[in-house]
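Chain IDs A, B, C, D, E, F, G, H, I, J, K and L follow the sequence of writing; residue 1 opens each chain.
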Amino acid sequence: MKKILVLNGPNLNRLGKREPEIYGRNTLEDIQTMLDQVSTSMGVKLEHFQSNHEGQLIDRIYEAADSGIKGVIFNPGAYTHTSVALRDAIAGSGMSFIEVHLSNIYKRESFRHHSYTAGVSIGVISGLGIQGYMAALHYLAMYS
Amino acid sequence: MKKILVLNGPNLNRLGKREPEIYGRNTLEDIQTMLDQVSTSMGVKLEHFQSNHEGQLIDRIYEAADSGIKGVIFNPGAYTHTSVALRDAIAGSGMSFIEVHLSNIYKRESFRHHSYTAGVSIGVISGLGIQGYMAALHYLAMYS
Amino acid sequence: MKKILVLNGPNLNRLGKREPEIYGRNTLEDIQTMLDQVSTSMGVKLEHFQSNHEGQLIDRIYEAADSGIKGVIFNPGAYTHTSVALRDAIAGSGMSFIEVHLSNIYKRESFRHHSYTAGVSIGVISGLGIQGYMAALHYLAMYS
Amino acid sequence: MKKILVLNGPNLNRLGKREPEIYGRNTLEDIQTMLDQVSTSMGVKLEHFQSNHEGQLIDRIYEAADSGIKGVIFNPGAYTHTSVALRDAIAGSGMSFIEVHLSNIYKRESFRHHSYTAGVSIGVISGLGIQGYMAALHYLAMYS
Amino acid sequence: MKKILVLNGPNLNRLGKREPEIYGRNTLEDIQTMLDQVSTSMGVKLEHFQSNHEGQLIDRIYEAADSGIKGVIFNPGAYTHTSVALRDAIAGSGMSFIEVHLSNIYKRESFRHHSYTAGVSIGVISGLGIQGYMAALHYLAMYS
Amino acid sequence: MKKILVLNGPNLNRLGKREPEIYGRNTLEDIQTMLDQVSTSMGVKLEHFQSNHEGQLIDRIYEAADSGIKGVIFNPGAYTHTSVALRDAIAGSGMSFIEVHLSNIYKRESFRHHSYTAGVSIGVISGLGIQGYMAALHYLAMYS
Amino acid sequence: MKKILVLNGPNLNRLGKREPEIYGRNTLEDIQTMLDQVSTSMGVKLEHFQSNHEGQLIDRIYEAADSGIKGVIFNPGAYTHTSVALRDAIAGSGMSFIEVHLSNIYKRESFRHHSYTAGVSIGVISGLGIQGYMAALHYLAMYS
Amino acid sequence: MKKILVLNGPNLNRLGKREPEIYGRNTLEDIQTMLDQVSTSMGVKLEHFQSNHEGQLIDRIYEAADSGIKGVIFNPGAYTHTSVALRDAIAGSGMSFIEVHLSNIYKRESFRHHSYTAGVSIGVISGLGIQGYMAALHYLAMYS
Amino acid sequence: MKKILVLNGPNLNRLGKREPEIYGRNTLEDIQTMLDQVSTSMGVKLEHFQSNHEGQLIDRIYEAADSGIKGVIFNPGAYTHTSVALRDAIAGSGMSFIEVHLSNIYKRESFRHHSYTAGVSIGVISGLGIQGYMAALHYLAMYS
Amino acid sequence: MKKILVLNGPNLNRLGKREPEIYGRNTLEDIQTMLDQVSTSMGVKLEHFQSNHEGQLIDRIYEAADSGIKGVIFNPGAYTHTSVALRDAIAGSGMSFIEVHLSNIYKRESFRHHSYTAGVSIGVISGLGIQGYMAALHYLAMYS
Amino acid sequence: MKKILVLNGPNLNRLGKREPEIYGRNTLEDIQTMLDQVSTSMGVKLEHFQSNHEGQLIDRIYEAADSGIKGVIFNPGAYTHTSVALRDAIAGSGMSFIEVHLSNIYKRESFRHHSYTAGVSIGVISGLGIQGYMAALHYLAMYS
Amino acid sequence: MKKILVLNGPNLNRLGKREPEIYGRNTLEDIQTMLDQVSTSMGVKLEHFQSNHEGQLIDRIYEAADSGIKGVIFNPGAYTHTSVALRDAIAGSGMSFIEVHLSNIYKRESFRHHSYTAGVSIGVISGLGIQGYMAALHYLAMYS
């Protein structure tokens, strides 16, 4: 059965509590549950991982690659804008990444318009809330 | 029956002929046909418009707003990066826009990383090919 | 009888409907009517033209020049910030231009602080609403 | 009787003597006399003040606010481009300012295109010579 | 018989009338006549098109490509510096372009030193007046 | 009893050993002891945490928020200048932060003049050595 | 008895009247009274001076240095961001300066993030309101 | 008898006391005395003025112009780098200025490399200490 | 026996698997074995550490300093370009660092040309593959 | 008989050997021979000079001017982008220059888009290979 | 016998005399002697050349290429930062270059951080003094 | 007898012929003759050297240093703005340099406002024509 990793970066463990006017009221667990329900019907098995640590995210990426995972839905949070190390891990992992942001990064501070990680991903979905994760799942279920 | 406008900007009439290594081999007609098929099953009616003229795109946006359309799937092509006038039209139309790009704009020249139109849209989908239009359609069918 | 062209650029056909907190509640027709009333008392005849098309604005500038018009009140809207072609048309037309903006462009996004067209105009009036058009009309009635 | 302050910044005491090809041949006294004549017919009383000292201009702004003046026609001269302190005084005074420049600042050195003071004023008139002061007077007589 | 398109962008319809100290005294018709005379002797047939509309220029490029034209002499005028859409059309057309400017763009405002279109053309000729068109014609007659 | 978190970022575990000409000769333990003594007399209880790991600092911020702490004295060290993730954690925690730097960041390399974290804190104290922590403690004891 | 100068720059004479949502409701006299009360208990005598004139602030700095004052609490207001002359006066005076801002300058316009004066001061306190002056007083009472 | 104004800007009243490792140990009075001695032998009469106030320097420039002075030796101090108003006064005065700096501004902070005033002066002498004033005097005695 | 730390940053645990066209086919273990062989013959003992975690690298640096190590061969990987915290740790450790990059950073993306860590190291070797580590070892064996 | 100098700058002595995929397979001698053949038929005599030394190129320009040459075809190679001294020599020589580049400089690294020398030349031809020299020769034969 | 060129650029003929606190006390002759001794034991023959002339360095590079040399140890000195012509010569020569700097260029003025020549070399060694030449020699002896 | 070198850089051999509206009508020989006459009366012997070659100027600087010359009057011409190598030669020579420019570099193109060489010279004189050389001579005769 095909496996996809859903990887969430810093501060996403606070979803639903933190600034709901920007990020909505669903918790990360809510999102994970919804994705699991949909993925089952697609014959895909999801693994979930969240960390506030840049290094743990890198470690998890390589662990996934070694376990045969081919596709990753990745919300790098704030590391999108600052982490060359995650960019290198994505490029070096051999897996297909889709970058997802809950909010529209073009509506926020200008330092959030730049992404180190997007340039080594298949594509980016920004501003569609949970539907962004859903769309990424559909894509990877078909093409990764 | 809910109506959604699918708006395509400059050079997209050449899809399938122009630089297929970047944009894929489907023509714009192929994309429109696929979207029509999916939209019917959702109870949504699509209108299609493509133009290479910035002014015609603005005119069409206001015409759609006046005809009661609430949601627009918009691939502004190169005008993404240069048109403040389209940004103003989106902001002034009162409709919900989702910006779609076939290719991942973060993998291309740096002048394509900036978007005037994204900051007044709900969100952006970039790099997922036709699936990007599909995901935008799903979103607007539900929320617009 | 002296003739002056009142030229309005993209999105100004939506005045009164679009973002009234920025642009006010008068429609473009309201403005044109008010200007016509005042101009008559000055012995000046106004011509009005609005377009969302950069090319049509250029064409209209040359048409005015050929028909003997000497002065133009021009609100280039968003093309103020992006159109070198309109700058060239103004410079090449031999007519006197006054640039008018309804809102104060220095209170808005920084990409609106720059003007390609102002440097080839006599002057700029920004932020005075309809009174900006009136002041431009007074000036051109006297000096153009 | 409504009172409006006409405030002129550095070097404007030299009008008519200094670089007439840029600023014209009228002296500041000529401008003040013309404005007084027009204002009387509007039932408005003008106060005039010119200084080359940034601090005196700030002091005068607060003195005007304390004496009940509601509107100010302000040509900040070179301080337009360098004075954050004047910007703060305008914002803190509670009065309505219109910024006036005799010459078109967009036709001059690029360091004159930026204005600290415009962003806290109602609007800006640039390049219309004495008519710029007149237009500002008309506006403030009606709306301040 | 080989066909070459001579494409002229915004404001070039005013050649000879507009700022002759920069662009010379020949009209666009003069240039077209001279080019026609030379091309005949080379066994080449020219098509001519001028427009102030960015969208019409894009449309014309694709029309030429579809009609079997292989080479284009293109003076994009002000769109050189602002149009990503024309850049995309050139790149997507499959034809060979030579960019021509009547005046030397390096002697003018710094915003004219940048060219979006040059990077997807074979080469650029700037500052040689009508001789620039002639040289482009010679090149395309031989190599396109 | 009111609780305040004293949070120290990377390299501050080396205080007193590392570059004393910049940071002084007190160790982090010395600072913690002094703060504890003062806080007791204010009826405030301090918690102390130092880490060189960006992720651990984020985790600790959320842990503090969940345990009912309302105020944080934070010396983010070098992460001041590079961490958008810490900025997001501060903004999302709902607690009041005061940013403290032992040395005056305006006297050092220019890349230390920028702070991602200051814009979401109440205020910043820089250059006052241990007294900076004391002042922050006084403020939070009164207002948080 | 040790003497400290409390120096306030442009617009601070309007405290309490001007934009209280940014600067609070205390007047400058309130602040001076509070500081005097605290300083007496420390055996320190304060001198107070406020001016909107850059030159008067420079003159007062040198007068203080000549009268034997060793420490200065300085809120340079808007001159923080524009005055190299005040920077030179601070550096040349031989006295110890602490720079104080009532509001957090990192939360305001980006042109307020830069400080010419901070680099020649001991330290900076920003965003703590009146407590910022208090903290500066404590520091200078001990160390200057 | 020919008259030349020796104009010194902010902080130069502290020469000899302030940072002698940069500016040397001569006081401003020493410099003035030396210049007076030399000028007498040249048949030139010097007037001296120093101020820390930008506005007073502008006023003094116009006063000199009105009294028939033709040449000015000007050390604008820190206003060199920030004052557009002094630039305008120099340009508007009709007198010949030579800009003098005691220290070599290219050896100091980069914000001191720029000069607003130099571009409207005859020339600049920087780094030669008092000899810079001497050289300026020789030049103006001969050519102004 | 002299000890040297060989410190490798993020993603270097993937050497040989990850993008071999850039980094070569040797694994990190291969490199460590080769270095150990050479170091033995020099009477030097190597310690090896690799981590993807910025914080662990900082911790390890201080641990090495405390255990008496004097020299470090450091390949900071992507943290070269983003980590001020590592820069501070190097500067504060009192040890001698040589920075090594397997690939030539000047041949890659421009954001890799900048190094925060190089300015506090003895020197940098870039582009020589494993030989870069060897050269660093020779240097530190002799001079650290 | 009219004389024209063909001047080639650094590295052009390696044409045909060096990077033929960029510069083509013709040697400089081939180009010179072809130009000589064409020039003879035009009644023009060519002189040829190539040097890798900036100073020798400057010397040769003045020698040509002194010998009565009126026109120069100049390929400055890499000095195009770095030599202000050659710019001054061109401007000071009184001769007419046409700048030629074999490759299209807009297709190469961005530091090659800037030209110091183009702004003082009649025009620039870039990307047309040897035909660029031919076109320059035709132009100078007619107009210099 | 394999031959390697040791090429030293401007000012390196003054080594040992010039700024020994930056560059050390060895003369260029000392370095050349040490390199010769080591190279002999490797079966490599060195050629040495130093020049202050950019053009002579270019000439020498091509002369070496023509004589069959395959590897070059190059310290371009100040030309590292300014010479596009040397970059082109390296790229066009077909030889393998290693760039060496005696001092660590990242510890010096920021204009020394950029290198035109590094991007066309195999690698760069900076800050290791003479050992940098040695390491380059070892590398080229093995791989060029 | 004290010796001073008068060093002139590129294009200064053309003085009097080249652009006299900028540089005046005196030839370099005229300047040298005038300087020789004045220097004799000061008991100073001048040596003169001009070259268009950057490398020859560097060589000459070291030759002067070796022959015991202590002071140099240097007009680096265009190399002022581009030559790091000359900067290094000045810094490494141990001699005292005064930089002289005939025209005021702040009145010309902005790329001429920057000087690499000024930061390692005693001072700069710009815009005083031949008098600039005279003033430099007086200074060096007294102080070098």
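Annotations
To be clear about the criterion, contacts are C-beta pairs under 8 Å (C-beta built on N, C-alpha and C of every residue); 3 or more make two chains touch, one makes a residue touch a chain.
All values reported here derive from a predicted model rather than from experimental measurement.
For the pair chain F and chain I, chains touching both partners: A.
The minimum number of touch steps separating chain I from chain L is 2.
In summary, the pair chain B and chain C forms a contact in which the copies contribute largely different residue numbers, shared numbers making up under half of all those used. Between the CA-based centres of chain A and chain K the separation comes to 47 Å, rounded to the whole angstrom. Distance from the chain A centre to the chain L centre is 63 Å, each centre being the mean of its Cα atoms.
Centre-to-centre spacing of chain J and chain L amounts to 31 Å, using the average Cα coordinate of each chain. Along chain I, residues 53-56, 82 each make contact with two or more other chains. In summary, the structure contains touching chain pairs A-B, A-F, A-I, B-C, B-E, C-D, C-E, D-G, D-H, E-J, F-G, F-I, G-H, H-L, I-K, J-K, J-L, K-L.
Those residues of chain A that touch chain I in the shared complex are 53-56, 58-59, 62, 82-85, 87-89, 91-93, 116. Considering their complex, residues 98, 104, 106-107, 113-115, 118-119, 121-128, 131-132, 134-135, 138-139, 142 of chain B touch chain A. On the chain G side of its complex with chain D, the touching residues are 9-11, 13-14, 17-19, 51-56, 77-79, 81-82, 111-112.
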